[in-house]
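The structure under discussion appears below in the form of structure tokens.
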Amino acid sequence: GFARLDTHRALRTGDPEVVYAAGKTPQQTVALLRALREQPGDRPALATRLSDETLAAVAAALPDARVDTVARCAALGDRPAPGGSVTVLSAGTSDEPVAAETAFVAAEYGCAVRRIRDVGVAGLHRLLAVLGDLHEADCLVVVAGMEGALPSVVGGLVGVPLIAVPTSVGYGSALGGLTAMLGMLNSCAPGITVCNIDNGFGAAVAAARIARRAPAAGAAEREVA
Amino acid sequence: GFARLDTHRALRTGDPEVVYAAGKTPQQTVALLRALREQPGDRPALATRLSDETLAAVAAALPDARVDTVARCAALGDRPAPGGSVTVLSAGTSDEPVAAETAFVAAEYGCAVRRIRDVGVAGLHRLLAVLGDLHEADCLVVVAGMEGALPSVVGGLVGVPLIAVPTSVGYGSALGGLTAMLGMLNSCAPGITVCNIDNGFGAAVAAARIARRAPAAGAAEREVA
Amino acid sequence: GFARLDTHRALRTGDPEVVYAAGKTPQQTVALLRALREQPGDRPALATRLSDETLAAVAAALPDARVDTVARCAALGDRPAPGGSVTVLSAGTSDEPVAAETAFVAAEYGCAVRRIRDVGVAGLHRLLAVLGDLHEADCLVVVAGMEGALPSVVGGLVGVPLIAVPTSVGYGSALGGLTAMLGMLNSCAPGITVCNIDNGFGAAVAAARIARRAPAAGAAEREVA
Amino acid sequence: GFARLDTHRALRTGDPEVVYAAGKTPQQTVALLRALREQPGDRPALATRLSDETLAAVAAALPDARVDTVARCAALGDRPAPGGSVTVLSAGTSDEPVAAETAFVAAEYGCAVRRIRDVGVAGLHRLLAVLGDLHEADCLVVVAGMEGALPSVVGGLVGVPLIAVPTSVGYGSALGGLTAMLGMLNSCAPGITVCNIDNGFGAAVAAARIARRAPAAGAAEREVA
Amino acid sequence: GFARLDTHRALRTGDPEVVYAAGKTPQQTVALLRALREQPGDRPALATRLSDETLAAVAAALPDARVDTVARCAALGDRPAPGGSVTVLSAGTSDEPVAAETAFVAAEYGCAVRRIRDVGVAGLHRLLAVLGDLHEADCLVVVAGMEGALPSVVGGLVGVPLIAVPTSVGYGSALGGLTAMLGMLNSCAPGITVCNIDNGFGAAVAAARIARRAPAAGAAEREVA
Amino acid sequence: GFARLDTHRALRTGDPEVVYAAGKTPQQTVALLRALREQPGDRPALATRLSDETLAAVAAALPDARVDTVARCAALGDRPAPGGSVTVLSAGTSDEPVAAETAFVAAEYGCAVRRIRDVGVAGLHRLLAVLGDLHEADCLVVVAGMEGALPSVVGGLVGVPLIAVPTSVGYGSALGGLTAMLGMLNSCAPGITVCNIDNGFGAAVAAARIARRAPAAGAAEREVA
Amino acid sequence: GFARLDTHRALRTGDPEVVYAAGKTPQQTVALLRALREQPGDRPALATRLSDETLAAVAAALPDARVDTVARCAALGDRPAPGGSVTVLSAGTSDEPVAAETAFVAAEYGCAVRRIRDVGVAGLHRLLAVLGDLHEADCLVVVAGMEGALPSVVGGLVGVPLIAVPTSVGYGSALGGLTAMLGMLNSCAPGITVCNIDNGFGAAVAAARIARRAPAAGAAEREVA
Amino acid sequence: GFARLDTHRALRTGDPEVVYAAGKTPQQTVALLRALREQPGDRPALATRLSDETLAAVAAALPDARVDTVARCAALGDRPAPGGSVTVLSAGTSDEPVAAETAFVAAEYGCAVRRIRDVGVAGLHRLLAVLGDLHEADCLVVVAGMEGALPSVVGGLVGVPLIAVPTSVGYGSALGGLTAMLGMLNSCAPGITVCNIDNGFGAAVAAARIARRAPAAGAAEREVA
């Protein structure tokens, strides 16, 4: 009774509804995951933004669930057939949880996911070292806080579809991520599109939709950096 | 001397540099179009944001140029081989110039472009009538001003990659497009990504990158509505 | 001594003063409810924004009070004669407390209240399924967070007076509800009016004033969805 | 070709589409008025936000049109049967155009309209002198710029449904009407709902929907002050 | 060593430095009060913004101190000779702490202070009932949150110098007091000047400077409402 | 007919209504000045914010009027009996029109006005040279744009009532005067109160109300710097 | 009479006052340049922000003046002894006027100035090609609009003092330069300091103060790119 | 594995990467300090923004570390050869932690650091008393919250390079330091550059880069005030 799942969504859009666990009790989240698991379709049931308590409750109640404590996500049921590759870059160590949310969701949606960490623009050589990897991806997700300059630099180097995710990392006039978000929206590198602050989930949905249309030959999941 | 073209860009990203004619004289724009035309690569030379005066100057000086007075764009040289289909939806008649900029650029980048006009959420039946067309596209670009709700409704109906472009249409607390932009970034339909206000050009670059990776079978250019 | 009740208000406007319990002790709230109960007039004494502790204190001290733990409201004394119908729609499960506040207050002000839940614009079929119910109401209150698009869609479907309530649901550039509020104020569906963020109470007062002027024939309280 | 009228709107909501003439040529506005005039329904065709040039063009091309040069509106065709009374209050002389837009549209939608001018809160006696008139209306529209305090004072005096319209009158930290709009949304008088800055049109649509449900006995059009 | 008191200030401006206890330990606040007490001049040593813990520490360590737990202030030493009257009005019960801070400081600076409570503009009769009192004051301080309309109404009724203090009372688009502050700065009643949000202290300093220049005959301290 | 003068205002507050000529025609301003001139009371009729055209029209139509082309003000009729002294300081040459508006209005309201120009904080010696003059005033009005620091420095040097007026002088992040306004509201010198951006008129009304209560002995009008 | 020059400034700070010609007549600017020229000291008289008309008037009236129509600056009198080198980088061609203002003023203050143009982060190879030049400078000034990412990239490559100047280049959510300014203030490359939007003048003053303290050996004026 | 240190940074810029301990565990911070200590170069390993717990953990695990509990910083390893002098001024006692962060880092980077405390502009004599000291520094860092006026006053008195650091000290419309930051960016004293709110670290890096280029003769570390 406390929620009405949009069980038609997978039919319409291919992607089923996902449990947004923030503000829900552990019991509610477990129940919603079970209900989504019942739905027809080829995707696992997913929940995001789990608290420590809910992460533990899901692990206990649903032993088959895949739980990621950095990404704060859980998944239940088989993954769909593989569908393209997504590479997730993050600028600093503090951006890790958002990047992990993208990586978790994209993997559950069938993508081969690569992760490239800590390649902020203040140390360009780290980025230039992985340039070849960037060209191989079907879609890039670039996660950065503070001034959010990383997508501009990456977007000037490769022509792969690129989704930028601003994070709330920073203080003072970082304005909780608004500065990074505004910077990304005004990038001088054309073709960059942007998600809400800390919205690793939304970036993964968008990236998976792009990647699964045309998987590049030979892309496979591995840890780049 | 007044500008230094980034002639490497097409090599790196596939997409060559484009003339942003705002704030340039007609003479400068014509000269830059000629210079870009000299570059190797399979794309036409492009200029956006042309004033009435510059539109006329380009038409006069470069008779081979394709000029669009609503989109305020010009192109010179052959289009690349066809690469996927992009459908551009706009909410109201005032959003037309931004949608036209997207359509023009996407077509010059090789996409088969469809246009669906004046399907604002206050008259849903107009949108539901074209639902089949939406599913056929390789990428959707949804252009809206005021509250910018159209991408949320479209994004709940189809799973095609969707890029939202806020426009500066509106007054008062529309805040020159910020209200529409914020609304799109906070859409309850997951997987929507967003461009800067009135940035039809950027949306076209992103859409063409997505569409050319995996053209859907049978998509062809036609006017939907 | 700690407050001076505006005991004339019911005489002037029909609606008596209401206790805003936020920042008041449980004892103060109980005392003010008792004092309002003494006033002449046909309305119950009302308090909103009760903490868990105050909800319990009111229930204990005033056994006749009607207490709603989701709406965080309490009422004491008889309801007025029935006066029209108000239908409250909410977009997502997180918007529930605000919608419940509207429903509670409108019912105490004499309205027959219907509730329609979880009909966010990302799943339009849920809304279209209840369209008939919308036409029957004397006033609609539409509650939504994030991008706040639901009032635009509803406002394009029916001509019933419609009050939009933005909620603080969302994160990042949702800006604590400002994004939803700005979206509602700039709706392309004309005739929508807007309340402050999370102000379910104010929406109920406005809706009851509208509804009681002209109750539609045959409207009765029932749960729609 | 340049616009697609939402000709179903009157069937769905009772209120037909209205021409927003800002950014349209005089010829386009005249053509759209003619097209709307052809539609079935009991309302006149309406256009708002006409420039001086378009006002003249409409008057010349459509001699039957009713044209108001302060409200910058035009109407063509018979008004519907009378439906309730709307009283429009304005705070200062500079708020006149917005109040006039509300009055014009409400009258064309069938309301008996009263106007009360220049009753800003800095001179309360002017407001208290017309208190009786306020109680008689089916709906009040209160128009004010600068700090936008007038709706709070009126809302504390009468229980009639009250719609507040902030205007862009003021300078400096008036922020183009945002200060008045924020003030109205945070009114300490409950039950006030708010429109966008300078949106006299939207207020009229909402007021007419409220007023026509239950016309108060004996209300008739006259100039109060 | 942790602070360098501006011991010249009383010589230059008449008003000595005051301890801002927020962020200071109880021990530091007690020590600074003692140090200020040693300074020459006719004013007591003052501290504002004391936490519960510091209020208790001051009461224990300095038994001669006057401590006000609502105003969260403390004073030590004799008050100066009486100097004019200040009347402090507050709009709602939640504004009480800010109004109390003004009242406490003004009294310690030698003013005869009157308090008028809970006279928000939604209940004008409460204000009109005390109009005579307002004319008698040497300076008015008007404290209000939410839309901050009270100073406009008072400023239209009397010509006494009037200082407006916005408070952080409210939620959502009240923006922590910015809405009230902006409203007061844009008042249509001329001659109103404004302090920072919740700055009851600053208002008291300004009011005392005005009041002591020309004490109105016969003004004396009493509780008005 | 086009405006309703608040002819009671002088009775209530001592200060009559003033014509705000912005947005009024020269004819309307002349007519309103004449109408105000008819009112009883000891003040001249005043108009502010006159365009070049209106300044000329007033000078031609009302030869007795005092017209100031820098302040953009006009006055008609005898000044009241002298009442205290007001000193107006301005930070830079660009702040001159706002300071002149204050000076004009204060003089017409009976104050002896002194002007101290171009004493921005970047050249402190200019301010220290006139320190004696500051102590003599009954009220100070300090006008500054950009970062608006001058009131803080003056407020630390003298204990005279001080009204700060931010101006829209500056560019970029000066935000049209908001930066100066915010700075003044957060001054570390206590007792400063603030007016709206560029509101020299409001500052004059407030200053005159303060100054006339207790004219300092021996103050007389002269040009300081 | 219309301005009071701060003729002590050069004695105190080494840098004399400079004419800010915006809002001044050509005659006033010419007169102020002449007056500054009379002052003792080793710097030329300077004026910035000259309109086309004032640029022409200065050239005509002061034939010895150095006038730059892109920088919109003028200088009169001998330059001081050479003092260090400043390198000015700009991201795009639209940033040219701001970069030119910095270059002009720094040169007049005795610096050897190098200019590096059009090295936006979307084309990194252009920047890497001039890396050696960057290390040679005594101070870098980096000018960029839109997202303002260039200072972050430069600041990660060299340890030379770096001043970032945001420009108002961009549209929509570029917010007139605020987005670039916020990005620069939140740079992940430490040690970057920031000026106001479009403030090429202020950057030059700061850079010259830094550069003249310790001119790097062998630096000489030349055009880099 | 949890972070990838930019070990090249010292080679490129002279300044090695620094641990930003906010959001890291005490164990991570200790480990990163040890790893940085291993790097070649002449600088100590540094960490900033340490919690109480991490300060204790560093002191326990790394007995050679220099730990400052006000600055919340730690350093490990030898300081570089002395390089110039930096003077840090702070406006109020609440600004101390930010000023201490600057002082700590500048000292570890080889600067002779002087500290001048509590010299806010409301008590100018305190500043004038140390004017001589200001002229002796190679670089000034001026730290202030609230209205942030201190850099303007200092910048008008001396020509030494000056970096302004806004702090989050203040309340209400201080906006968490934005008001101070905006004020500093709009200073009427030319040549001031600005850091992010509370960014004492960044100011120290910039100041050290300036100071080490040209140490003024005879500057030595001592406590000024």
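In order of appearance the chains are A, B, C, D, E, F, G and H, and numbering begins at 1 in each one.
Just so it is clear, a residue touches a chain if its C-beta (ideal position, glycine included) is under 8 Å from a C-beta of that chain, and two chains touch if they have at least 3 such contacts.
Keep in mind that what you see is a predicted model, and the values were worked out from it rather than measured.
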Between chain C and chain G, the fewest touch steps amount to 2
Every chain in contact with both chain A and chain G is listed here as B, H
Can you tell me which pair among F-H, G-H or C-E shares over half of its residue-numbered contact pairs with A-G? F-H
With chain centres defined as C-alpha means, what is the inter-centre distance between chain D and chain E in Å? 43
Approximately how many whole Å separate the CA-defined centres of chain E and chain G? 47
So, what's the distance in Å between the C-alpha centres of chain E and chain B? 58
For chain H, write out the residues touching at least two other chains, lowest number first. 9, 120, 122-123, 155-157, 172-174, 178, 181, 185-186, 190, 196
All chain pairs that touch each other: A-B, A-C, A-G, A-H, B-C, B-D, B-G, C-D, C-E, D-E, D-F, E-F, E-H, F-G, F-H, G-H
Report the residues of chain D in contact with chain E in the complex, numbered from low to high. 91-92, 120-124, 146-149, 152-153, 155-157, 170, 172-175, 178-180, 182-190
Complex contact set, residues of chain B against chain D: 93-94, 96, 117-118, 120, 122-123, 125-126, 171-174, 225
Touching residues on chain H, where the partner in the complex is chain A: 2-4, 6, 8-9, 20, 23-24, 166, 168, 176-178, 181, 196-199
Counting only contacts in the complex, chain B reaches chain A at residues 9, 12-15, 18, 138, 155-163, 181, 185-186, 190-196, 201-203, 205-206, 209-210, 213-214
